[in-house]
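Paired with subunit B in one complex and with subunit C in the other, subunit A is shared by the two complexes that follow.
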Partner chain A sequence: MREKSQTQSRIPGEPGIWAFVTGDLLVFSLFFILIAIGNQEQGGVFSSARSTLDLRFGLANTLLLLTGSFFVAIGVERFRLDDGRDNRIWFRLAILSGVIFLINKVFEWNAKVSDGLTPMTNDFFMYYFVFTAIHAIHVFVGVVILSFLHKKSQAPFTPETQRGLESGAIFWHLVDLLWIMLFALFYLV
Partner chain B sequence: MSETTSNILAQDSLSRKSLAFCGYTGYAAIILFIIGGVWLGGMLPPIPNANDAPAELVAKVNDNLLNFRIGSIFMIASFALFGTFGAGMAAQTRRFETSPVFSYTQLVFAAAGTTIALLVAFAWSLMVFRPDTYEPSILLMWADFAYFLALFSVPLFGGWCVLIALPIFFSEPGREPFPRWVAYVNLWAALLFAPGQMVIFFKDGPFSWHGIVAMYLPFIAFFVWIAIMSWVMIKIAHDENS
Partner chain C sequence: MTWAWFVLVAVTMLAWWLAEGEQKMADATTTAIFLTAGVKIWVIGYQFMELKLAPAFLRYGFLLWLIAISCILVFLIP
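After this line comes the complex of A and B, so read on.
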């Protein structure tokens, strides 16, 4: 058990990942502002376009990422406990949630394109396709990082390995957070 | 990697000077682009637009002919220096590899990136060479070509950044070619370049090659990245403990 040596509170992960997360959030803030401006200037176009989005896809994706984050958090915590159990299952489940998210996204985009709705249809769909695509790339990178974490979680416990796992997990949580914002702006508002 | 190899920079004044030189060429590339691309050449902010009618572009070119021509010369000088800038980073990475792998991949991407950038300047110069002889749509194609080379090449330029970050992450702690924060800056740079890939879908708006997300963001991020990496190289070269 490693708990006793970790009683001092600290910020998880390493400073660099937090700087990267901040940077990523800054970039996405620009995206959110653009959506907000579009909503302001073309309210009618945006609300009728929004109504064509399938809320079921959006909700399913939100649940998938939230569940994935939950699994990652468990995996990191179990590694910290260092009780000899195989923690890889948690990371495998998180990877699965990410992969299903991506498959879901492809189906959703396909459905829209089959209905004649493309990034060139109007500004709402321009933002919708481009920003969900950029987010999907983040999910893909997140899945790759999770596969590294999956391997790392079997390594012997060291504080460095713990920080590495936490850093990867922080990126995954960022991916989750960005989706929640996009979900709210595209599907709900 | 033996201690002797890692101390080479401390004892080898040529290596120090070489690395510093590569860093300074990065600064020079930025200054040359500010003169050639920003001030004279009309590349940033873009004087041409992706949704210009061909005749409009011909008029814009004729209105700025001499500036664009001189700007092209400064731009090609700037872009040639991407080679020395990139080689410096690869050399620094090489110092920490027992057998070179990432230093090789970085050299490949640096060479490709330099070539792409040179083509940008070539396209710009051809756009302004004989604007009244070419069909107007050919001028538009040169403008498209220049911006597509610069922006649509995300796997190359973004990949270059990732190839700088990975050897840092893969190294033993304390034996990284660059400080760990440099890896995160490179990943952020790659992220900022990414929207450039969107230019193929749009001829107007924020994701076109004159747009704020697909053009301004990647272009500015790229030169800020050069500034940061140049500063890091110069710092390593001058640091007695490197």
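After this line comes the complex of A and C, so read on.
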């Protein structure tokens, strides 16, 4: 068993993934600010609309993504150990967390639509449906990426494979951290 | 890695408790909610995304973004 040295400073993953992360963070920052401005200008509407959201869905989805991130991080760490173990289980578990998140989201949206609440109802629900949909697309892409990581984790260790795995993992963690702010803005405030 | 997950879950439950409680309408609660979100995002970046190993410009760039967006949101949300 050998452990790859992680003490030397280096950019995790491919540098390009960080360019993507930067761009995505800036775009979502704009979304966050739009939600906050809407909350400021239409406090009553937003407060009333927010009270119709089921906090249990939001909490469950937050815990799912956090746990998925944990599994991915463990998977990458175990890959580096290069001890011949099958690390695919970690990525399978993370894929499962992402799939359950998406199923939850569909149920939640469906419940809102059934109650007559749509993106046309008011600005809160416009932001809610549009931004959680954009985030859900990220989750879907993340699940697809995780399926590639699942296979890649069985490849022999090389620095290139490690960087590829790290890049995919960084995308998944990005999806997780974006949800944390959306959770706060839509469900908690 | 495991400690990071426990911290993230604990802070998530704290934020949920704050949001459910009678303090919901207080400004301090809003600040606390974004503080907990900020702590969680930092832990994800530092530990899971491994910014702890990254060059300083990347780590501090992420921290700068996090502080800036948290301050903007706390300022905007009444």
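Brief remarks on what is shown
Methods note: the second predicted complex is superposed on the first by the 183 of 189 C-alpha atoms of A that agree within 3 Å, B and C clash if a C-alpha of one lies under 4 Å from a C-alpha of the other, contacts with A are read in each partner's own complex, and residues count from 1 in each chain.
Quick note on the criterion: a residue touches a chain if its C-beta (ideal position, glycine included) is under 8 Å from a C-beta of that chain, and two chains touch if they have at least 3 such contacts.
Keep in mind that what you see is a predicted model, and the values were worked out from it rather than measured.
Model built by superposing both complexes on subunit A: subunit B and subunit C fit together without a clash. Between subunit B and subunit C, more residues of subunit A are touched by C. In the superposition on chain A, contact is made by A:F20 with subunit B only, not with subunit C. Aligning the two complexes via chain A yields an angle of 120° at the C-alpha centre of subunit A, spanning the centres of subunit B and subunit C, rounded to a multiple of 10. Contacts of A:F32 after superposition: subunit C is touched, whereas subunit B is not reached.
When the two structures are aligned on the shared chain, A:I100 is found in touch with neither subunit B nor subunit C.
Of the two partner chains placed around the shared chain by superposition, subunit C is the only one that A:L59 touches, whereas subunit B remains out of contact. In the superposed model, A:P119 lies in contact with subunit B only, and not with subunit C. In the superposed model, A:L188 makes contact with subunit C only, not with subunit B.
Put simply, subunit B and subunit C get as close as 17 Å, counting only Cα atoms, in the superposed view.
Listing the residues of subunit A that touch subunit C in their complex gives 6-12, 18, 25, 29, 32-33, 36-37, 39-40, 43, 55, 59, 62-63, 66-67, 69-70, 72-74, 77, 166, 169-170, 173-174, 176-177, 180-181, 183-185, 187-189. Residue ranges of subunit C in contact with subunit A, taken from their complex: 1-2, 4-5, 8-9, 12, 15-16, 18-20, 30, 33-34, 36-37, 40-41, 44-45, 47-51, 53-56, 58, 65, 69, 72-73, 76-78.
Those residues of subunit A whose C-beta lies close enough to touch subunit B in the complex are 14-17, 19-20, 23-24, 27, 30-31, 34, 119-120, 123, 126, 130, 134, 137, 160. Subunit B meets subunit A in the complex at residues 173, 180-181, 183-185, 187-188, 191-192, 194-195, 198, 201-202, 205-207, 213, 217.
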